[in-house]
Structures are given as structure tokens and as C-alpha cells.
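See the structures that follow.
The following pair of complexes shares a single chain, chain A, combined with chain B in the former and chain C in the latter.
And now, the complex of A and B:
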């Protein structure tokens, strides 16, 4: 009997599994480390399998460390950044895509330039400005600072997606009685929804992971985000590695969950069937 | 229903003129076809009618109402796009209902959930539902109302686009090459459907196409355009029998009108060595005293016989095309020249149609008989028609 094994298919599968393993291994290793007793962490033969008998370590970190507050603060900052970034980026993106005006090229270029400035360079002037505006040590200030960084890139991403919406569909909407804002809200946004979901994920992760502003602009313990809280574990004399890994794992999971939800919407072909392809 | 009047309508892009000084009077209920080659300005003119392009100069009136300053939605015109332009995220039912929803639209319809419920309430209201259901039935879309456009074929999508236009019950239907994306067979059936739609729904239709067969079969009036200028505006039959100039003569008709160089001498029409008695409708016509004219003859006015005689032109068969009920024969005339500017010299023979399957072979020497009863004269200088045979539009209506 002839073998039906497809070598090309098998190699592709192997490559995909290897990539997945490389991406997932750090998360797995965080789980293993968090469940390993401190004494065994530096043993010659590391534990390769998680020891679930020590699962109470997760309960312990919630009890002893304000992880819930950190996560809540991170969620507020990330969600605020996501919502504000998209709300502020959609109209500039539509304008850059659909209108012709003097200085359009320069405006687009300037948006790009903002991406070249590192956060660390801007933190001092931002601190001064936020001090004047009473935005220091508030989550609102943190959301605004993060949004300022995400809006340019999201504007460009959305502009690219709006470029792909057939102009005929917008004209049909104009004939049917839509104003410009109706067109954006009723026709353009639903058609760029997949890109909007992707842009939302980018903005959320930026807000969730951000460290420099969160460290500098916020000083109250109760307003600390998880990125800052996690970094605070690294002590001068000792670092409770298994606790750091447990909190790290908890910190990673909501972001992964959001991505899994959002990726369902990031599907191609939303405009299929609109116009003759 | 409404009459459309265009007065000196002009569209310029910088220094480029897309549409120049167009004046048209389209009576209520007519099916006007804007015909012309690519880039002639016909789509631009249609878009100006719709309000999708601004008018650089001139006026557009719908009955007594001036509309060129109004936004598209205030003109009471529906537009069917070449690309269908359906809303891909909406079902067929919502696509068709959308113009009716927009008529009752309020700003708070944009609020999620609340807006969705409000739109659904309009969609389900008895008068809207009845209208949409009736429209879907006319267009055979009833089974597809809950599907999305991406699941439909090209013809079905175009019917949805027609449904979206019909449901508004507009005064004017504007259509921009709506059939050009369909295959030949579907195009023929959709052609019949649109003609039927015009008959049943009424309203004034303006239809843009570059296909003269569509123009001749669907239009009750044709405006033939070239380089932004209307070359001739009239009934299809008038345009076919009495083209205003050599461009119209060569654009309309498959194969187009033959243009043969001729002279008028001593009351006779001389083509090469042959002389013909001038028929009554051509006598007394000349191009400001010049003897040279272009003789315009439709292929059906030429007959082919194996032996020559008085009143025939000698020639040689250049090509024979069999198209079923008749054959098209291209003949290179021995002593006469044609004036088909747009073609290469070697193809400049005259075209004749013969009934049935012609047994002629390339190279056969034949004689071409000429029936001058439908002939027209054109100026050799300007290309304009020299006869004054066209009845005025008012008299044909």
C-alpha cells in the first residue's frame, strides 16, 4: 500500500508547531517557575513540569500583594487608551483618506515623526505640562499620555483601511440621504471593523504594558499599574522569583484573553460583495 | 416623474474641459441614453445630474425646480452604479430599505442598540415592509432578502441595486453603465428587465453606456457625446437614419454607415466612374457650391451581385463574416474611395449585408448595387450632414 503521508504538509505543520512552542514556552516557563519552591529554583536539574500542589501561590499573591488594584488600574488605563485613541483617530484617518487639502502630506509625515520620539525623552516636558494641568498622579493623565502615543499610529492604520472602502459605496450612501458623519458611522466604520479591532488591540496593549509614564506620572500606591507594581518586586537584596512569575502570569492572561476575543473580528473580506471585484 | 432640462452645463477640471456647454430638454417619462466612447464626459454629466459632481457652469432643472445647488439626497433621484455599490455589511433587505431608513433618520440612530432597534422598527413597519416585499417580488429577490451581497451573483447584486433605487420611488432614475460587468447573456436579459421597469415604474430614466446596441434597444432618446460635446440628440431612429455628422454615422450601427467620396456634377452623383441620378431628397444639396461630398450609405442599402451594370460600383471581396441570418461582406471598391478616418487604409472597404449564408470568397470580383433612397450627404470639410431631412423633435413626439 502506498503511503499517503504528505511530506510538504508535515514539514509545514512541524514549522508551525515549532514557532508556536517558541512563542508559548516563556508563558509555560512562568507557570512552571511560579509553582516551584524557591529552594528548587536554582537546582542543577530544573523542574520541567508544573507542580500543581503549590497552586495556592496564586491565592497567596492576591492576599499579600495589591495585585487586584494593579490589574484594575492597568485595565482602566488600557481600556481608556483604547477607546480614546480610536475615537480620536477615526475622523483624522477619514480626512487623510478622503479629502484633498493643502498640507496633507506634511500632516501625514508629522504624524509619523511623533513615532520617532522615545517616551523617555518626552517624559520631562510631559511631567511639567501635566503638573500645570493638575493631571499628575491621576489615571486620566496616564490615559492621555498613552493616547498621545497611540493616536498617530492608529490614524495611519485606519487610513489604510478606509482607503480600501470603495468610494462608490460612500456615494451610494450620499444619494440615499447620508451626511458625511452618517457615512462614517453607518458605512465606513462597519466596513473597517476588522482593522478597528486590530487597532483597538494595539492601543490596549500599549496602555496595558506601558511602564515609563506609569512610573513617572503616577506616585500614589493605590494608582499603580501592574507594570510598575511588578517591577517593584525586584528588591535590592532579594527577588521572590516565584511570586514575580505568578503575578507576571496573572498580568499576561487578561491581555491574551482580549486578544483571543478581538481576533475573531479581525477577519478579512468584510467588503466582499460590495462592488464588482 | 419629472422633465429634466440642462442649460449650458459645463464641467472643467483646472484647464481641462470634461463637459462643454450641454443643453438638453428631456421630457417627462423618457428613457434618455447618454452614449459615447470612454472619456467622452457622459458619466461626468450623469454625476452632475446626481449631485456627485459640482457644475462648473450652467443650470440643471427638474421640472421648474433648479437642482444643481442641492445635495444629492434632496434631488429625488436614484442612482445605480456600474459597480453595484451595495452595502456589504447589510442584508439584501436592509440594503433595499436603507434609503427609506435614511428618510426618517435621527442623530440618535447612531447610538448602538437604540439605533439598531429604531432601524429595525422602521424596517418592520407595515408600509416599509410591504414596499420592500413588492419590490423584491418584481425583481425576483424574495428568496434572497436575508442574504448578504457577497453570497449573490453579479446579476442578483445588480437587481438589489435596482431595488434600492426603485424603493425610493424617485422622479428620476440615473444609471451608470449598470450592465457592463455582466456577461453577454445576462446583459441581454437585464436589458429587457430595465426596459420593462421603465414601462411599469414610470419616471424619467437617464442611462449611461458606451454600447450602442443598449442605446438603440433601450433608449427612447439618445444623446451621443464626444469629447464633452453632444454630437446629436434625438430619437434612436432619427440618429440611425439621419446622423448629424460623420462621427455619429460611424458610431451608430453595426457595421457602421459607409462613407464614400463622391462628386455632384451636372445634376448627377458621381462615385468613381459610376454616375447616379440624384434622388429627390438629395437634389439641390451641395457643400456651399463645392462639388465634393461624402455619401453616407448604411450596409443594408448596398446589394452585391456577380455581374456589374449601370448604377453599380465594381469591387473585390475583402472579407466575409457569417453571423447566421445574414452575412457581412467587406468590399474594396475599384474606382471609389472611402473616408473612414478611424480605420487603417487596408480596411477601408465598404461593408454590405447580404441575407443568409453568403458563398462569396475573398478576392471574388463583384458589383455593388446602391440604393440611394436612404442616402445622406456629409461635408468633406466639416463632416456635418448636408441634408435637411431630420424632422424636428416636437414633430415626432
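And now, the complex of A and C:
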């Protein structure tokens, strides 16, 4: 009797499971650490399984630390960055894709150049400008600062996707009486929707994770984002490991949930325009 | 489909506008009081942070027209964040700096001199107050003064007694190590540069070394400094330290009875006392040939960019009042404050380890290169790089310190 087991398939499966386990282990370890009693954190043999009898740790951090406020602020900044970035990137992306004009190459290159400057270098002038515009210590300021960083990237991502939309489709719409702006809104955007979703996720994650601007431009505790709040646990004299891990886990979950919801579009968007013809 | 996406875009635009508008207005609510910000790392510490916020709140309750808002910044990024904000023309009105950053702030004119703002004769300042004057001007008051002594776990040391000499210390650390317990811990990585420097200073000072002499000459390669570095290496190679462990973690290990000894400042002892009341710890002079040890001196300063100068100095004067100084000293643990505050016999009876810290005060030396205070961060970098070569690369301590001396002369002082 011949074996029906496919060794190649089995090895591939094993490799995938191993990679998944390696990727997921840090999250799992955060859970285990947050639920391990303090005295056991430094035991010779580390606990490998979470102790769910200590699940109240998660309730405690919400009760004793303004985690909900941090998450709400992060959500406002991330969502604002995402929406504003997409709104501001669509027209430049369409322009770079569809129009011919003097300096087009230079404009595209300049957009890339903005990505070469680190946040730490720009934060001092940005702080001075925001001070003049009364944008310091506001979430609006953070949204604008983050958007300035994400718009160039998103413009290029969307340009790539718009390049893949056949020009014939637009010409047909124009014959039907559509104006240029109607074509962008009613024809182009729906056709690049998966890429739009991918770009949105990138902008959201940037706003969600950003630290330097959030630390420097905002000082009120009530406006602190989760990235700054989490870093604040690392004290000069002590660090509450349980709280760090519990809040870290909570901080990770909304972003993971968003990615899971949007992943179908993201994957489609990432590959959009990769094959043109 | 088209209609759907147009609808979606409209909603997105409305949401974006609403989010940015609401976010902008949320902080700009009408405030009847003059509001100042006060940045410090202590606000984010377990135990001490909440007590310090309560102390600030006591000030707020005493005022009709001024309110101070605490701003908790992480230890590792406080100086970078505050200097960035100051460079941009803003920043917190009041800042609790570390001494090394205090000198940088003075040199860059980032903090206000206290000229005429406080009547010096009115207060009985502690000895380290002299370090608050630069170029004959006062630029701050000591917010926290903390000494270094040996903290030990009585149950983890043989006989429960602390070592008195360096040789006894090595023997005790070796004997305590094993079964998941370490004999001693200190910092020895550039990831914790400020702490690494503090720990190294304790060894060098303890062996009688100093980074410079009274005449303002560097003494980085002097025999006593080399002896201190060699002692640091001896402990590193003894197999008694949890190598690579950061200070937060090994302090927690001490708290959890997993570490027998560490040399640490009074703030740490205060945290152990407040957060782990059952921990059988005690304090003793550090086991080095001389009693000199490092000194943590954190000044309270006023930002030169402040638009609330009078209110900021109102807070400073309030902080200097005897009752408020006492409250501050009590909440900071084994630290001292700007003015001399007697500890009550009840507190000393409950916290006997306070005596060792208070007795250390005359022997505490700032962790700065005297005469080169502003250059200390750069000198620190060169010295620590050379010490790492000794610890990890097995370099000869004398040669490493000779190289450090030469490099500081040529690279930092340009001589």
C-alpha cells in the first residue's frame, strides 16, 4: 500500500507553523508575564503557561492607570492621521499619475526626500512653529505632525495603484459628462479601494505607534497617548513589569484587530499595480 | 458603488474635521487659574509618584490663582524632551533636572537665575546647596539630594551582617550567589549610560579616586581611579552579578529576595520600604577603602521660556517652607531636600536604614567632573567606552584609563 503522505506539503506546513509561533511568541510572553506573580518573575525556571487566576491584573490597570484615556487619545490621533492622510494624498497621487508637467519628477523625488529626515531632527522647528500656531498640547497638532510624515508615503502608494487603472475607464466617464473631480471621486477611488485600505492601515499604525512627537508636543496628562504612557512606566528607580506587560498587551490589541479586519484589503492593495498590462 | 464611495469619502472628511477640531478644543478649555507645568521623572515612579503629585496638589489647594500641573517624563528621555522643548521656545515652566543636565541648561541659558527671587538668609540650606550656584549665581534649589550606601538583604548574607571591607564584600557576594540568587548587581552597559556612570563613580570615589584635582587637572589615569576601575572589573568577573540586567529589574530582584546586595541611592531604599514592607533589608556604608560615594543632586529650576515667572517662583518659595520641605523629605524616602529637616525619632525607629544614608552626607561627592561640569557628558562617554574595554575586552585598566585621559584631552578639551 502506497503512502499518501505528502512530505513536501508537511514540511511547508511545519515551516509556516514555526514562523507563526515565533511571530506570536512575544505577544504570548507578554500575556504570561502580566499574569505571573511578582515573586515568580525571577524564578530559576520561568513559568511557560499563563496563570488566569490573576486575570484581575487587567482590571487593575484600567482602574488605577488612565489606560482608557491613553487608548482614546491614541485612537483619535491614529484615526485622524489616517483620514487626513488619505484625504490629502489622493489628489497629489492622481496628479503625479495622470498629468504631465514641468518638475513632476522633482516633485515626486521631493516627496521621498521628506522621508529621509528623522523625526528627532524635525521636532525642534516643528515645536517652534506649533507654538506660534497654538497647536502645542493639542491632539490636532499631533495629527498634523503625523500626517506630514505619512502623506508622502501614501501619495506614492496611491500613485502606483492609480497607474494601474486603465485610462480608457476615465475617458469613458468623461464622454459620459463627468468632470475631472467626479472621475477621481466616482471612478478612480472605488477602483483603488484596496490600496486605499492598505494606505489607511499604514497611516493608522504610524499614528498609533508614534512616540517622539507625542512625547514632545503634548504635555497634559489628559492628552497623553498610549505610546507615551507606556514609556512612562520605565522609571528611574523601578519599573512595574506586570503593568507594563498588561498595558502593552492592551495597547497591541486594537491595532491587531484593525489589521485583522482590514487584512483582506491590505493584501490586495499591496499587490495592486504589481502586474500591469 | 460610486455613490457608496462618495458617501464614504464625505463621512471620512466630516470625521477628520470633527476629530481634529474636538482634539484641538479639548485642551483649550477655559481656565480661570494661571496654569504652570512641572516636569520630573519622579512623577512616574511607583509609590513616590503619587505622593509627589499629592504634594503638588497641596500647593494648588493653597492657591487661588495658580495651579501647577505635574508632567511625568520617563527617566531616559527627560533631558532630551525638555531640551528639545526649550530649544523650540517652550517647555515646562518648572523642571526637576539631574545635576548633569542642570549644568548644561545653565550654560545654554535655558534656566532662570534666582537673582533676588528668594531671600537666601531666610532658609537653612543643606551643604550640597553650594552646587546650585554657578558663576556666583543661584540657578535652582535642591529638590532631592540622595546619598549612596550598601543595601543588603539580611536573610541572604551569612550571619546577616554586611561586609566592612572590599575583600569581605567579594567573599560575601560569592557566598550568596547560587540557586537563582545573585550576590550583587550594578550597571555595566551603555544602554544605561547614566546609571553605569553612577555605579562607576561609587567604585572610583570609594577607592579614593577623583576625575579631576583641585587645580582643575584631569586625573582619569591616576592610580586611585585605576584601582577603582580594576575593582569594578574584579566584581564583573566574579560571577556574582546578573550581567546585562537593567537597574529596574535588579532592584525588583532585590525586592523579591533574589539579590543579596547593591549600592544604591536613598530613593530606592524609600521605594523598597514603601512597596515591600516585609523585605528584610538594611543599609551600611559601602565596603570600600574610603567612605566617599556619589551624590544624586536633582535641582528644581525655572525655565527661561516661562511666561509665568512670578507664579513659578511662588511655587519655589512655597516648596522651601519648613512644613512643605518636611513633607517632601518624607515622601522621597531616604533623600534630603534643599533645607535641613530633622527626621523624627519615630520615623528613624521605623526606618533604621535612614541613619546610614544621613551619615553618608558629609562623604558624598557629585558625579560630575569637577571643573568640567558642562563637559561631563562627553568625558563620561569616553571613560565608559574605555571601562567597557576593560570589562568586556579584557583591556588593562591602567592602559584604558591612560587612553581615556588622552582622548578627553584631545577630543573633548581640544588640548
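Definition applied: the second predicted complex is superposed on the first by the 265 of 277 C-alpha atoms of A that agree within 3 Å, B and C clash if a C-alpha of one lies under 4 Å from a C-alpha of the other, contacts with A are read in each partner's own complex, and residues count from 1 in each chain.
The criterion applied here is as follows: contacts are C-beta pairs under 8 Å (C-beta built on N, C-alpha and C of every residue); 3 or more make two chains touch, one makes a residue touch a chain.
What you are looking at is a predicted structure, and each value in this text was computed from that prediction instead of being measured.
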item	value
Partner chain(s) touched by A:86 [first = chain B, second = chain C, both, neither]	second
Contacts of A:220 with chain B and chain C, given as first, second, both or neither	second
Chain B versus chain C as contact partner of A:123, first or second or both or neither	second
Which of chain B and chain C A:177 touches, first, second, both or neither	first
Which of chain B and chain C A:168 touches, first, second, both or neither	first
Contacts of A:187 with chain B and chain C, given as first, second, both or neither	both
Chain B versus chain C as contact partner of A:262, first or second or both or neither	neither
Overlapping contact positions on chain A, where the chain C interface meets the chain B interface	185-187, 190, 193
Chain C residues within the chain A interface of the complex	1-2, 4-6, 9, 12-13, 15-16, 19-24, 26-28, 37, 39, 41-42, 44-46, 48-49, 69-77, 81, 84-85, 87-90, 92, 179-180, 247-249, 251-253, 255-258, 265, 267-268, 271, 275
Of all residues in chain A, those that touch chain C in their complex	38-39, 41-44, 76-77, 79-80, 83-84, 86-87, 123-128, 131, 134-144, 185-187, 189-190, 193, 215-216, 219-223, 231-241
Of all residues in chain A, those that touch chain B in their complex	166, 168-169, 171-178, 182, 185-187, 190-191, 193, 269-276
Footprint of chain A on chain B - complex, ascending	50-52, 71-73, 77-79, 81-89, 98-99, 102-103, 105, 110, 148-152, 154, 157, 164, 168, 181
